[in-house]
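The two complexes that follow have chain A in common; it is paired with chain B in the first and with chain C in the second.
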Partner chain A sequence: MFRQASRLLARTTTATTWRRSRAFSTDLPATPTEDSTFIESWKKVIPNMDPPKTPSSFMTPRPATPSSIPSKITVNFVLPYASELSTKEVDMVIVPATTGQMGVLPGHVPTIAELKPGILSVHEGNDVTKYFLSSGFAFIHANSVADIIAVEAVPLDCVDPALVQKGLAEFTQRLGTATSDLEKAEAQIGVDVHSALNSALTG
Partner chain B sequence: MASNAAVPFWRAAGMTYITYSNICANLVRNCLKEPYKTEALAREKVHFSISKWTDGKPEKPNDV
Partner chain C sequence: MAMAALRREGRRFAPLISPRPITAFRSSPLAPTREAEGPIGVRYISTQVVRNRMKSVKNIQKITKAMKMVAASKLRAIQTKAENSRGLWQPFTALLGDTPSVDVKKNVIVTVSSDKGLCGGINSTSVKISKALHKLNSGPENETKYVILGEKAKAQLVRDSKKDIELIITELQKNPLSYTQVSVLADDILKNVEFDALRIVFNKFHSVVSFLPTVSTVLSPEIVEREAEAGGKLGDLDSYEIEGGETKGEILQNLTEFQFSCVMFNSVLENACSEQGARMSAMDSSSRNAGDMLDRLTLTYNRTRQASITTELIEIISGASALEG
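Presenting the complex of A and B:
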């Protein structure tokens, strides 16, 4: 009975250390690319086989969470067809989250935000670059890295105001005449996107 | 656990997030100024080649 106890105890500790070494990639140390805790626990249980390579040994490790707040956030802004900003160091980013415009400064709490159609502004010193996003997600990590992904993002000068007005009128009319739930939802989406475009152009 | 409060209206209507996101992207693309609009629409074009199979043999494919 006591022999089993030590084996079970060893198993739970190896399971928890294994799980911990896989959780939160931001907690991995910056230099070693192998899971040292996993390899040690493997060798304890199965000393004769080589430990398998874990996915983390193939990845470049994430920058570690520094103990003091860094001065700039690193932004990765990607679209399905292009990478707009890749590890660009900026002072602040304002993202159009569904809960409202959210400003992200270095040292922001780790957040996952779903984005609504709206303006993303990137502030670097005195320059502000604005993009209109169709929708997407923003992931802010503990190490002040922000990953923003969107399906479509355009600079505001590429938008034609006449087409926006026409679209807004058309969808407001469709919303009035829509019958089924799906039609109403589509018309509502149209109204939302066009009014966001409108306020982006005028505001 | 209580059910999720405030389900977004498109999910209540039976739409998935991907459909919603694609509709938003298409609407934004349709509002672009001329050279950008044709670029964007050309970029998003998808070709389908559909062929029906009968008795284990493919018939002539239709291209879309």
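Presenting the complex of A and C:
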């Protein structure tokens, strides 16, 4: 019995030591880009405690603005449950802004764009990958880095057209029979998303 | 020897052993006191107390080991989620910068903590940092309010800052954490609380043994405009063109709300990871401690047992030699 216990203990300790020595691979070590004014004012008022960390110490550093227009644009496409594309160099991205489809090339003017449900297409040479986004924001920075943050996204080939039609019909019917404002708003959102999906599949 | 064995068997043989007044036999080994008087006034030492303690310490060790395993499996599940959500707040910090030293009138401190205990010191750390931030941001016209997530921070902050608490949210982890749930929560907070700056205090999961207390700042749209005009980190915000929406203010409003829900999602996940990791190490040290205690008790038990055997032998031998004369 004791031999088993010691084996179990060894297994758990080796597992924990392995975990201890391996930090997160997505985490960079704290870069010294910390907010010095915050730290100083903290130390003055609360000298006994270490100041807490701030997000800037965990940021992966961003490239500086180049003097000439680069050839490729760097795309970061993030969702709450995954980073779909992270620092991927592509030729062009087309984002579904509320004002319409917006094409982004390297050297695009810095922009903050609110997105509506629609297709995001990423062009890399001759490959085009299309995702259907629910909504979100897109930031295009002066250093030709585009950040696209969406709440939900699916690759377009995973969308079932039959279900889209069914959903569209169902929500249109619900919009017709809606009584309260909340129901109307929910039905309207459903209709918007499904009609965008529909046009995405057919268009 | 046989009597010692009988004593070890304990209760099972108790009804069979009847106290015999003639010999130096021991009375029933059920006596709970350390020194009991038998029928002829013979003394013997009971190991019952030590044995009871050993049993309870062994049970505690088993329980804490099981809790550690449970925490390890929960950690594994939530670690991937937290790792995947790390990309979510980075675009916002890249755009709007990180301004923890911003000076505003209405500060709201959102403290993220756990509902269950036995997780080491992470909740106390969060509460200490929240109180320190309160002190840091106090000024003649400033007011600081708390929004509390989790039972443990509530218990600590209700004691002395009850009037500053705006909102308390508990039972966050009843259902597995999802972005929908957190965005509803964020919506709730944004609707009910007036703020110029939101400071979210949580424990960032660095590794299984290290948790870094972190403060993320989210500014309200008016303050973002103010800081953009003032220059500094948000100075080049004006160079960004706004696509969509009627006015810049509207877009900034949506942006702030989206930023808050994204940052909240990441911070809640990180804190949950830290909680499980802290519980793992707390339970691990607890089972190790119980093991040490068990070793010491075993030594005491053996010593007591051997002492009583020796006493018995001495009494028998001296009795026999007294008879011989």
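Quick notes on this structure:
Criterion: the second predicted complex is superposed on the first by the 142 of 203 C-alpha atoms of A that agree within 3 Å, B and C clash if a C-alpha of one lies under 4 Å from a C-alpha of the other, contacts with A are read in each partner's own complex, and residues count from 1 in each chain.
What we mean here is this: a contact is a pair of C-beta atoms (placed from the backbone, for glycine too) under 8 Å apart; a residue touches a chain by one contact, two chains touch by 3 or more.
Note that the coordinates shown come from a computational prediction; the quantities given were computed from them, not determined experimentally.
By the document's definition of touching, both partners, chain B and chain C, reach A:Val151. In the superposition on chain A, contact is made by A:Tyr81 with both chain B and chain C. With both structures placed on the common chain, the touch criterion links A:Val159 to chain B but leaves chain C unconnected. In the superposed model, A:Lys184 makes contact with chain B only, not with chain C. By the touch criterion defined above, A:Val193 lies against chain B but remains apart from chain C after alignment on the C-alpha atoms of chain A. In the superposed model, A:Ser41 lies in contact with chain C only, and not with chain B.
After superposition on the shared chain, chain A has more residues touched by C, the comparison being chain B against chain C. Once the two complexes are overlaid on chain A, the chain A residues touched by chain B in the first and by chain C in the second are 81, 98, 136, 151.
Residues 12, 16, 19-20, 22-24, 26-27, 35, 37-38, 41-42, 45-46, 49, 52-56, 58-60, 62, 76, 78-83, 86, 97-99, 102, 109-116, 136-137, 139, 141-142, 145, 147, 149, 151 of chain A are the ones touching chain C in the complex. By the touch criterion given at the top, residues 81, 98, 117, 132, 134-136, 151-152, 154, 157-160, 163-164, 167, 181-182, 184-186, 188-190, 193-194, 197 of chain A touch chain B in their complex. Listed in rising order, the residues of chain B touching chain A in the complex are 8-10, 12-15, 20-25, 27-34, 36-37, 40, 43. Residue ranges on chain C touching chain A, taken from their complex, read 68, 81, 83-95, 97-101, 128-129, 132, 135-136, 179, 183, 201, 204-209, 212-217, 236, 239-245, 251, 254-255, 258, 262, 265, 280, 284.
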